[in-house]
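Pasting a structure here, questions to come.
Order of writing sets the labels: A, B, C, D, E, F, G and H. Residues in every chain begin at 1.
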Amino acid sequence: MQSVLFDHEREARIGLPEAIFCEGKEPHVLTALLETCARDEAKPTLFTRLAPEFFVGVPEAVRAAYDYHELSRVAFTGCMPRKEKGSVAIVSAGTADGRVTWEAARTLEYLGIEAHVYEDNGVAGLWRLMSNFEKIAVAEVIIVVAGLDAALASVVGGLIGKPLFAVPTSVGYGVAAGGNSALSSMLASCASGIGVLNIDNGYGAACAAARVINLLNKVAE
Amino acid sequence: MQSVLFDHEREARIGLPEAIFCEGKEPHVLTALLETCARDEAKPTLFTRLAPEFFVGVPEAVRAAYDYHELSRVAFTGCMPRKEKGSVAIVSAGTADGRVTWEAARTLEYLGIEAHVYEDNGVAGLWRLMSNFEKIAVAEVIIVVAGLDAALASVVGGLIGKPLFAVPTSVGYGVAAGGNSALSSMLASCASGIGVLNIDNGYGAACAAARVINLLNKVAE
Amino acid sequence: MQSVLFDHEREARIGLPEAIFCEGKEPHVLTALLETCARDEAKPTLFTRLAPEFFVGVPEAVRAAYDYHELSRVAFTGCMPRKEKGSVAIVSAGTADGRVTWEAARTLEYLGIEAHVYEDNGVAGLWRLMSNFEKIAVAEVIIVVAGLDAALASVVGGLIGKPLFAVPTSVGYGVAAGGNSALSSMLASCASGIGVLNIDNGYGAACAAARVINLLNKVAE
Amino acid sequence: MQSVLFDHEREARIGLPEAIFCEGKEPHVLTALLETCARDEAKPTLFTRLAPEFFVGVPEAVRAAYDYHELSRVAFTGCMPRKEKGSVAIVSAGTADGRVTWEAARTLEYLGIEAHVYEDNGVAGLWRLMSNFEKIAVAEVIIVVAGLDAALASVVGGLIGKPLFAVPTSVGYGVAAGGNSALSSMLASCASGIGVLNIDNGYGAACAAARVINLLNKVAE
Amino acid sequence: MQSVLFDHEREARIGLPEAIFCEGKEPHVLTALLETCARDEAKPTLFTRLAPEFFVGVPEAVRAAYDYHELSRVAFTGCMPRKEKGSVAIVSAGTADGRVTWEAARTLEYLGIEAHVYEDNGVAGLWRLMSNFEKIAVAEVIIVVAGLDAALASVVGGLIGKPLFAVPTSVGYGVAAGGNSALSSMLASCASGIGVLNIDNGYGAACAAARVINLLNKVAE
Amino acid sequence: MQSVLFDHEREARIGLPEAIFCEGKEPHVLTALLETCARDEAKPTLFTRLAPEFFVGVPEAVRAAYDYHELSRVAFTGCMPRKEKGSVAIVSAGTADGRVTWEAARTLEYLGIEAHVYEDNGVAGLWRLMSNFEKIAVAEVIIVVAGLDAALASVVGGLIGKPLFAVPTSVGYGVAAGGNSALSSMLASCASGIGVLNIDNGYGAACAAARVINLLNKVAE
Amino acid sequence: MQSVLFDHEREARIGLPEAIFCEGKEPHVLTALLETCARDEAKPTLFTRLAPEFFVGVPEAVRAAYDYHELSRVAFTGCMPRKEKGSVAIVSAGTADGRVTWEAARTLEYLGIEAHVYEDNGVAGLWRLMSNFEKIAVAEVIIVVAGLDAALASVVGGLIGKPLFAVPTSVGYGVAAGGNSALSSMLASCASGIGVLNIDNGYGAACAAARVINLLNKVAE
Amino acid sequence: MQSVLFDHEREARIGLPEAIFCEGKEPHVLTALLETCARDEAKPTLFTRLAPEFFVGVPEAVRAAYDYHELSRVAFTGCMPRKEKGSVAIVSAGTADGRVTWEAARTLEYLGIEAHVYEDNGVAGLWRLMSNFEKIAVAEVIIVVAGLDAALASVVGGLIGKPLFAVPTSVGYGVAAGGNSALSSMLASCASGIGVLNIDNGYGAACAAARVINLLNKVAE
């Protein structure tokens, strides 16, 4: 049985990353993982939610093996081969969504997928979205990142027919705190066919986009 | 003490309606109220949430005294004096919001306030809002009625600086059922200064608008 | 501005359906819509959540114009042109998820997209999924429909790297009632890159799949 | 299209502030924003939720450019032109609501709108409200700030017919923690026509009031 | 052990009723209980939540043994001995709270405790409470019954120092539906020392008041 | 009007404390309040939720004026006159409920009411309650303090007919975290006539008990 | 792979039932299932949540093949072989929990496991539990069924060290409605080692007990 | 009465531990408890949730008396006598569940029960579970520890018929934060007869397993 499962798994592994989610891991476990993966650069690995406060305390030699990005808290030792086809537009409502926006962007970079980030398109100022619109609409997959009312997902979903994944963020206070207002707004969107991810899950949105981009590339073979 | 309070109350009563909320009232109590108010047409009264199934069973003579509107479930015996200044634009996302939209419209009619209804402006088709935009923007007060993601409130709130009241509706299923997704979306709106009403409270939105229109008329005296 | 938006909208319309959500619509409004669309068979229209109890009372002549499916409550007057590339596997946990499963299947049929349904794959009997596995894995897009613990989404998501959309269903009682246990389970899935839809939103899952299939066909042009 | 939108936006901008919400922004981003805005004093800017712990560490020269108020955590470089007509009464239940109360007051000051603060009017001691009553009732717009049971909003709303906006606060513990008891109490108020803001959103209440005051001034022109 | 417990139980039984909660009981079980208790009139029994639709179908002979009150849905075969000391004021916000208000009143009647009902004291019209105030304040125990914002509990609790029990009602829609807004408002009341009962639990409020009145009578012995 | 209200208020003040809730108050405001009240020892004042970390930093001279109790975080400058009649039994489930248990006890001490504390009576070891039972049952009023399942309230409420107030505590983790499991358990208690307070509100329970004890003393006059 | 899984499954099937959950199944599907299983009496099948209103309409010949129990809504065509060792005590708080209590009892009967039901042991009258105590304590496994505060689970769990499964019921109103107060109370129980089932899941509790009884019998072989 | 209860309690005590839950206990109380129990090594005691930060500050001499395990935060002075029969398999989804997994393992060690831990069996990689499967299936009782979607519980429950207890963990973010997604997933599991514990309650799962193992040993006597 294992061989059967292993085959399918290997197929999946071609497209989706081996990622290590760092939040909540014991410090000594995390350090050991970083050291192990640093030694084996041939096999790229992705670390998400790797806190700057922690990373700064990791031995210099280990840190040097990583491409680390503070805002997104994403580190990797190397990237997967560049995909020939397809690009992803990551559209966010505000700079406060930056952590999640860039977690998606960095994960796509690691996965070898072209991605472009368009920040600060909150619908309270609709003209900002409009000025980026043509560049966004040309991408094969769209990721929308937004907190609060998450109205951006519905507006983009109503204007563009491409595969669209939406990530609610935990930005905000009061009823918006923790991201539930954005989550329910995206799930209940009046625009059809939006795939929603867990709150703050920029990594997951990148994987969802990668599932589509990988399919495009496989079909094109 | 009562005289002081009474004075203020009387002042308030000039603008805000004596309304009877019919839902949950015992049938015989409701019939008695309808009969009493029908006799005293000089003093107009507003009935909200008056179910068609019930109203159709009220004696013909009593029913004849009322201006009843089935979709909104609003009845009144007469209207308050027409306000000279100010009008209200009621903007809804879809026809499914009709009950609440027209409860607001009918309440404003009863209050003697000019109101115009613009339905079916959901942001999944942004051009529908745009084609109504100039007429909406000219009103003194805006009421937005929307369920699901309630993104319409944020889009309108970002485009127009007039006093704006938003009513979430209980339209929808799953996370939208009962109206909580729309409510939290409106409260967390990225557009500033939107006053939110309880779910399905079209009557309350009309009263909130009336507080502003009444002020305009008083100041103009 | 409108022309720009209109162009994009038209582009979107090529792929995504004009659908009429029937739940909560006033009966006379619904009947009028069914009559109008029946007359204009050249332009196919989709009706979702159209209750059998209601449809049976629609005039025979109107009903005859529709392809109606009772379990899914979906009706349409005709289908959109068949897409050349891509198929969708719809995998459900149990027969109790049938309404949602078939709403997705029927919507895909209307959209001209090949779809295959695999029911009764709940993980409490893992061998059922395994016996369907090779047929499922060959599709370009996977839709998982499940209620209760929704564990099926995670198991499928861990085995197959294709674009995957998950629909929680409101099947069940106690903590499962209304579908929130399935929804949160899917959003928190330990498998990466799953796009989640609102509870019971089979129509939305079909649209999400269509966004991918349409992209495949456009790229292949 | 942009020019049309831009016009409306500019119109809105006359009345509503360009505000920078500081909570959750990266420290170096925030410092850069403070420095930029300090240089261009001609264009007043509003910073909300600017923590004293952070502000004290900003370079002296930058700090000097700002009018900062510790309790409200509001800073601005200058104010907008004084409105000729209209004043706002801000009525709070207790001193524990001070942060929100003064955020509203400071935002109105920035917007050039006359505002008066009346604190400590909790209904558990009704005579305190009564002793302030005549001064409150004379204002054109009322803002009520309250946590816990938020009963103050209903009492004021029942006594005064002016436009009224209510802000729930997150003050309290147990069921009151986070402000949800106050929020639902205000939304369900037995007084009609109260526009409710998000929890702790003093800034939003000021904007809602400004929408009314700006209308008054425009009508009077 | 049992005898010890039995003694205390008997002591308790002197004051608190043997009540049968009828909601959810199988019809044939309920009919049997009504028949049994009707035969033994010497031992008074209380039935709560006894639906009029059901009671009307009970055999005439059985029904005749009961003092039944439709609005409160309370029936009893006889009352407990009249307490010499103490009375209870039951103060409600609106007539829509009638079911709960009268469940409390009827339970107190059964328990032999003097009770007076004051309806329609909602704080949106504060003068109504004030006109009843002196009569209310003279009672030994106060019960406040209110839905929506439940502000009445706080206002009464701030004016009167007597033992006060508050019952939230499920009256209302939107955030008020089911009674949670009223419940949290009462628990978070800014007035101190209010004992809160479950939503719609008029029977429980009467029992809580009875615990105090019984104590008063025992102490006076 | 004010004089009328003032009279009732004064009457209330005789029994219920002027209490200052310290949590969330700005440090300099709190220090000023402590200094003011320290000077006027003739008028006793109660401070609740006064954190030890803060109190230790208050000037020695001011601290000396207070009777401070660290676990309960309650301080007062003096007590109210001793009530002649009545005592209160405070029964808690575990030592982890100590903060709330002793907040109630200390508030009663301040109010001049005799109180006895019985800790560690959780129903998982029923014999512990039984060994304290006779002493508890003799008190005029019972306060039950419990977290988790709060089963203690129901067991005590079923054994003793005296006025009973129940305080849920926020002790625990998982579903018990924050106290909601205990709160709903107490509100839904199968024992009748229990008045429930907000989570962790030991002060409120003492006030509720004081309302009863004060009534007893007044009636006895 | 399938053979491996199949083996384990077959092993499991020896102990746990093939059950058909009837709620939400389409009527014609349900009738077909009942007919099929009626024909094959050699292979006993269990139907749960089979509504009396539906069952009465099933053809007489089919109905005759079933042992149907109205209160529990459980039907089966025959029972599994009697287990030699072990019995289960099902202890409920009130008769209103009857549906769930008897669903557990009937499922155990079908599974060939000895079970005894003890109803009406609510802790508000502790002596009722005590009079059944010795008979309950002698069983190998205990199932506690309770709604409202579910205090019974904690009391039994504190007195008896046998495997104990607790089923919350949806009995009650207000905060108890739907069973969440009972569920959280059982999960947070101060007695250790209680396994909790979903709300109203009497069938599941029987299966949990069967897992233990089957183990006992296997070990004894 | 006490002697009866005491007997049963003593019987229970044989199997279930005297455990001290350390979280939330005052430091000086905790230190005193550790000192007392260290002196009396003859009577083993279990401390759970004993923070490493705290334990490191306990006097060396006291610490030396304890077997302390940092990850699980469990300490004990000695173990209970080894049970002759039965072993427990503790199966976890990921290393992030380590705290809870090892709290269960350590509690079983203290209770004298053989236990084996199998970590990292998340269903996103089904082959990991399969490679451990035969060793797991041989145990008498299974404990599943999982966060997020908790799908592991359903998969194991569908494959193995032994008594199974499931512990949701608070691992995760967004909808998974706090453990509610895992909790509801386990309660709604499509596998039958799983007893669910409170979130993060590894100790409780060990006690539930011990109730079964103790029964096995008693029956075997």
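Some points to look at:
Quick note on the criterion: a contact is a pair of C-beta atoms (placed from the backbone, for glycine too) under 8 Å apart; a residue touches a chain by one contact, two chains touch by 3 or more.
Source: prediction; values computed, not measured.
More than half of the contact pairs of A-C, counted by residue number, reappear in one of D-E, F-H or G-H; that pair is G-H. Chain centres computed from CA atoms place F at the largest separation from chain C.
For the two copies, chain E and chain H, the CA superposition rotation is 180 degrees, given to the nearest 5.
For the pair chain C and chain D, the distance between C-alpha centroids works out to 45 Å.
Between chain B and chain C the centroid-to-centroid distance comes to 36 Å (mean Cα coordinates, whole Å).
Along chain H, residues 1-2, 5, 9, 125-126, 158-159, 174-176, 183, 187-188, 192, 198-199 each make contact with two or more other chains. Considering their complex, residues 5, 8-9, 11-12, 14-17, 19, 85, 133, 137, 140-141, 158-165, 183, 187-188, 192-199, 203-212, 214-216, 219-220 of chain C touch chain A. Put simply, chain A touches chain B in their complex at residues 93-94, 122-126, 147-151, 153-155, 157-159, 172, 174-176, 180-192. On the side of chain C, the complex with chain G involves touching residues 71, 95-96, 98, 125-127, 130-131, 171, 173-177.
In the complex of the two chains, the chain B residues touching chain E come out as 1-2, 5-6, 9, 21, 23-26, 29, 168, 170, 178-179, 183, 198-201.
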